[in-house]
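Provided herewith is a single structure, encoded as structure tokens, for subsequent inquiry.
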Amino acid sequence: MSIWEYANPVKFLRVSERVTPWFAWGAGLCLIVGLVWGFFFTPDDFRQGSTVKIIYIHVPSAFLAINAWIMMLVASLIWLVRRHHVSALAAKAAAPVGLVMTLIALFTGAIWGQPMWGTWWVWDPRLTSFLILFLFYIGYMALWAAIEDPDTAADLTSVLCMVGSVFALLSRYAVLFWNQGLHQGASLSLDEEKNVADVFYQPLLFSIAGFVLLFLALVLYRTGTEIRLRRTRALIAREVQHA
Amino acid sequence: MLSVTDLAVARGGVPVLSGVTFAVERGQALVLRGPNGSGKTTLLRCVAGLQPAISGDISGVEDQIAYAGHSDGLKSMLNVRENLEFWADVFGFKGGIDAALDAFDLVPLADRYAGQLSAGQKRRLGLARLMVTGRSIWILDEPTVSLDTASVQLFAAAVGQHLKAGGAAVLATHIALGLDGARDFDVTPYRARLDVRVGSSDEAFL
Amino acid sequence: MKALLLRDLRLAFRAGGGFGLALAFFLIVVVLVPFSVGPQSDLLGQIAAGVLWLGALLACLLSLDRVLALDWEDGTLDVLATSPLPLEAALSVKALAHWLTTGLPLVLAAPILGVLLNLPSPAFGPLTLSLLLGTPALSVIGTFGAALTVGLKRGGLLLSMLVLPLYVPSLIFGAEAARRGAEGVATDTPLLFLAGITAGVVALMPFASAAALRINLR
Amino acid sequence: MPDLGKYADTVLSAYAVTIALMLGIVVLSLIKGRRVRAQLQSVEERTKHGD
Amino acid sequence: MKALLLRDLRLAFRAGGGFGLALAFFLIVVVLVPFSVGPQSDLLGQIAAGVLWLGALLACLLSLDRVLALDWEDGTLDVLATSPLPLEAALSVKALAHWLTTGLPLVLAAPILGVLLNLPSPAFGPLTLSLLLGTPALSVIGTFGAALTVGLKRGGLLLSMLVLPLYVPSLIFGAEAARRGAEGVATDTPLLFLAGITAGVVALMPFASAAALRINLR
Amino acid sequence: MLSVTDLAVARGGVPVLSGVTFAVERGQALVLRGPNGSGKTTLLRCVAGLQPAISGDISGVEDQIAYAGHSDGLKSMLNVRENLEFWADVFGFKGGIDAALDAFDLVPLADRYAGQLSAGQKRRLGLARLMVTGRSIWILDEPTVSLDTASVQLFAAAVGQHLKAGGAAVLATHIALGLDGARDFDVTPYRARLDVRVGSSDEAFL
């Protein structure tokens, strides 16, 4: 049997019912380990003091905020090409979660910026492009909300998602060209010396895993909700149709 | 020239009609009949290619269709003649504008802005538009709405002429038109039943 | 094609067609800026280039809902879709008409309004040039937005929301060019990027717009 | 409780915001899920055709 | 009255009702400002108050065409005019509904966006207060504009043009108050004027709006 | 109860009808007849108080009028019931909603968004609205547009009942309704001739 089997809503519901709890528990576990370890049992950074602890929520959320959009992009493509309703609904379900992740990254970052850069907000390229990502999230959700017919909505939002992604990339480079920033570079990169020290690194990995699992659990659950919503709508419509 | 076989159409994701099969030859007109909400508009939009069928197929329509729906595609800030000229240009159809004006007795109104026409006059203009498309299959959704009896006859005459010229027409209406070469087609028997699976987008969730 | 272009232009110039409205809006916004940020002329001069770009962008934005919505309401789009003209072409033509009736006047007006905000004199050339290169992209992207939201009643505000983020790259490069001009720095890099974006958008966007419109029509 | 030094409120507020937002999305998802489930059930009761 | 208010609110929250869109637009405009005038935070701080007022004003403006146009198109206004409810009351209610769904959220959002433009901290209070006092006037005046332009297809841009000049006094006093707040000067004079304008407008404008609407209806 | 004497009405500054005189008693219905553009809509809007007459007077209409024109005053994002409830509230008329739904056989559609109705279904809702206004004079402009025969009968029945209840109605239509207590009134004889001076705004320039 192919993976597309799961694109059948009913089957998807059955499977997701079973796996979601596991993701949820896993998420809880990893988050507790990562955050407790990070929060209680790691030393302060010599420069950043205790604020370094923010990294355990800031980085994972930022990381997810970006990848949630990518996942939505993929799902939209699948919907446009193979017309599998589940994938369209998954994209719809993921958007609010991605939005929240973006907000978390923005807030924690802003709060972190206050002691580190002496200001809540600077128009640093990375921060700015994040703000733009935020705009794309609201636009995408607003379009979903505005259209009644679910298929039309799925199609149009998918188109928007694709075009939007292109422009999001363009904006990223535009912003880099526009202003040079204060923000740290990628420090999860593999070359060791410019990487964050292991003491911070290991719990960080745990909390990242936790965030990812939580994201998956939420998306699965919300997709299920969307499917049920759609089914309800279909039943009512048919009922009226044949009243 | 137009033939529809085993067509199923949906509106708002709900199957409305299924198993619709008919053929219209040159010189023929098909008049869709059915109570409100039976799916005539949906069927017509589908045949006109404005919405996809969920199953079945439609043949003989490529670049043959002239569609006139509930709204007329008129610009209230263009006068009657300009409206017609525009559509004639778009459909690349030379001349025939005066004939159209004449057929629907719009000559006295030719320089009037479309926005200043009465309901029935607007409608007449919308129908006159069909004659400047040069298309051979007319798809008309309730063409006689708010036309007076005289205008209804004008319309019938226009359609009759179009048929004589080797055209065809599919139209939905609730009144009697007195068209010769017209065949009634009741859509009620084709209402999509609960047990039929026609693969509309909702099916996946039922 | 020609018929469509001429008709759109004619409609724009007819009473209620809204030609010049965008221009007027541009003017008003620019006039309101001193009221809101205060009259110190040095400060105004600093922000003039940016304000002009932003104003032009907003004026263009507000005129977008006219591009398709009217034709949608009166069923013109239905007929166009069944006409021999491919939708991509039709939409490109409409974008062009929009630019001719909105973008171009804005470009021409910008320098004059620049005087009001005492824009530094070296900036006039780059500003006008950047607007000239940038505004076509605004029209084309806007047409895409209009095609996305055409079904919705009064989609105007949603339209703005969807389109504005897509305007960001053009805005950044355009305003950057104008500002560099003001400082007398070389402006060709941003202008190059700007032209690149416009070219790409003009070439590719109509397909996306047509796709969106087809979805909305069914 | 580790001593967070002068940055205590910073770090704590960051964690607070995060937890609040996360709980927010989770709770909302659950509520909506529940509601939709119930709704669907009632509709399925009403329409007992061969699905 | 209550029925009308509830219906308008309900419609605003329904899908496509466009609640929150004005807010999003506000956010976007604020974000675009640094792109156009450049990222120097001191410059941004100087213009922040003005930008926030202008942004709120524009966001409010864009949502105006929803106030009456929809009801006009589907004939609701015809029926309302023949209903026992006096048009003045109906229009006041509609203005109120518009403020609740648009103005109020803008007021609440303004301080947060102030952070982005690093608005000087003493200015936060006066800014919010001035917006709170000023925005009701915007809704009421906007309703008047909507009544004037309701007949016209896609009157949105014309509407903006007619209304913006009427917004000038509110804008001046509001922005002035915010700026004085930023400099730590006493702000009560401008706030007083602002409140005065709002009070007067709320009391008298509905009659003008009703008159305009009656003319448009015939 | 409603009486119109020597009324002259203009549309877009052009006098359309003049010298119109008629009276409608309780239990009576007046059916305006006339070709397209003869001025029926204008006359009705004037009687309903939506536009001023240029001369003559209308009596007995204060707070008596329920008007239904070419458009129905429906919100597509409210469902059928909500639409009716809203209008009932505005007109301060308690109850009667179910009766109205029933009379136009909208009960099965009660929870449907108005935007999802077919042309005829919308129209029916628009007419049902009249019954929740509690007004005694119905002014209807082409009420039967895109109604099927069954619905037309529903409408006729509703009007008949309204008349029996002591109401009155003035309506413009191009089709036969088969209303009892209905009187036809042809507007063509009243078409404003060029020589009549009716004081419309253009007069000043003639």
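Letters are used for the chains, namely A, B, C, D, E and F, taken in the order the chains are written, and counting of residues starts over at 1 for each.
As a working rule, a contact is a pair of C-beta atoms (placed from the backbone, for glycine too) under 8 Å apart; a residue touches a chain by one contact, two chains touch by 3 or more.
In this text the structure is predicted, and so the values were computed from the model without any measurement.
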Partner chains shared by subunit C and subunit E (touch criterion as defined above) = A
Highest contact count belongs to the pair C-E
Return the chain whose centre of C-alpha atoms lies at maximal distance from the corresponding centre of subunit F.
-> A
Could you tell me the distance, in whole angstrom, between the mean C-alpha positions of subunit B and subunit F?
-> 28
How many angstrom between the C-alpha centroids of subunit F and subunit E?
-> 37
Averaging C-alpha coordinates per chain, one finds the centres of subunit A and subunit B separated by a number of Å equal to 48
Where in subunit A do residues touch two or more other chains at once?
-> 132, 135, 138-139, 142, 146-148, 178, 231, 235-236, 238
Residue numbers in subunit F touching 2 or more other chains?
-> 70, 76, 116
Send over the residues of subunit D in touch with two or more other chains.
-> none
Taking the complex as given, what residues does subunit B use to touch subunit F?
-> 12, 34-37, 41, 70, 116-121, 123-124, 142, 145-151, 174-175
Inside the complex, what are the residues of subunit A that reach subunit C?
-> 132, 135-136, 138-139, 142-143, 146-147, 152, 155-156, 159-160, 162-164, 167, 170-171, 173-175, 177-178
Which part of subunit C faces subunit B closely enough to touch in the complex?
-> 2-4, 7, 10-11, 14-17, 70, 73-76, 78-85, 217-218
Quick one: which bits of subunit B touch subunit A in the complex? Just the residue numbers, please.
-> 12-16, 191-194, 201-202, 204-206
Interface residues, subunit A side, partner subunit B - complex = 8-9, 85, 149-151, 227, 230-231, 233-235, 237-238, 241-242
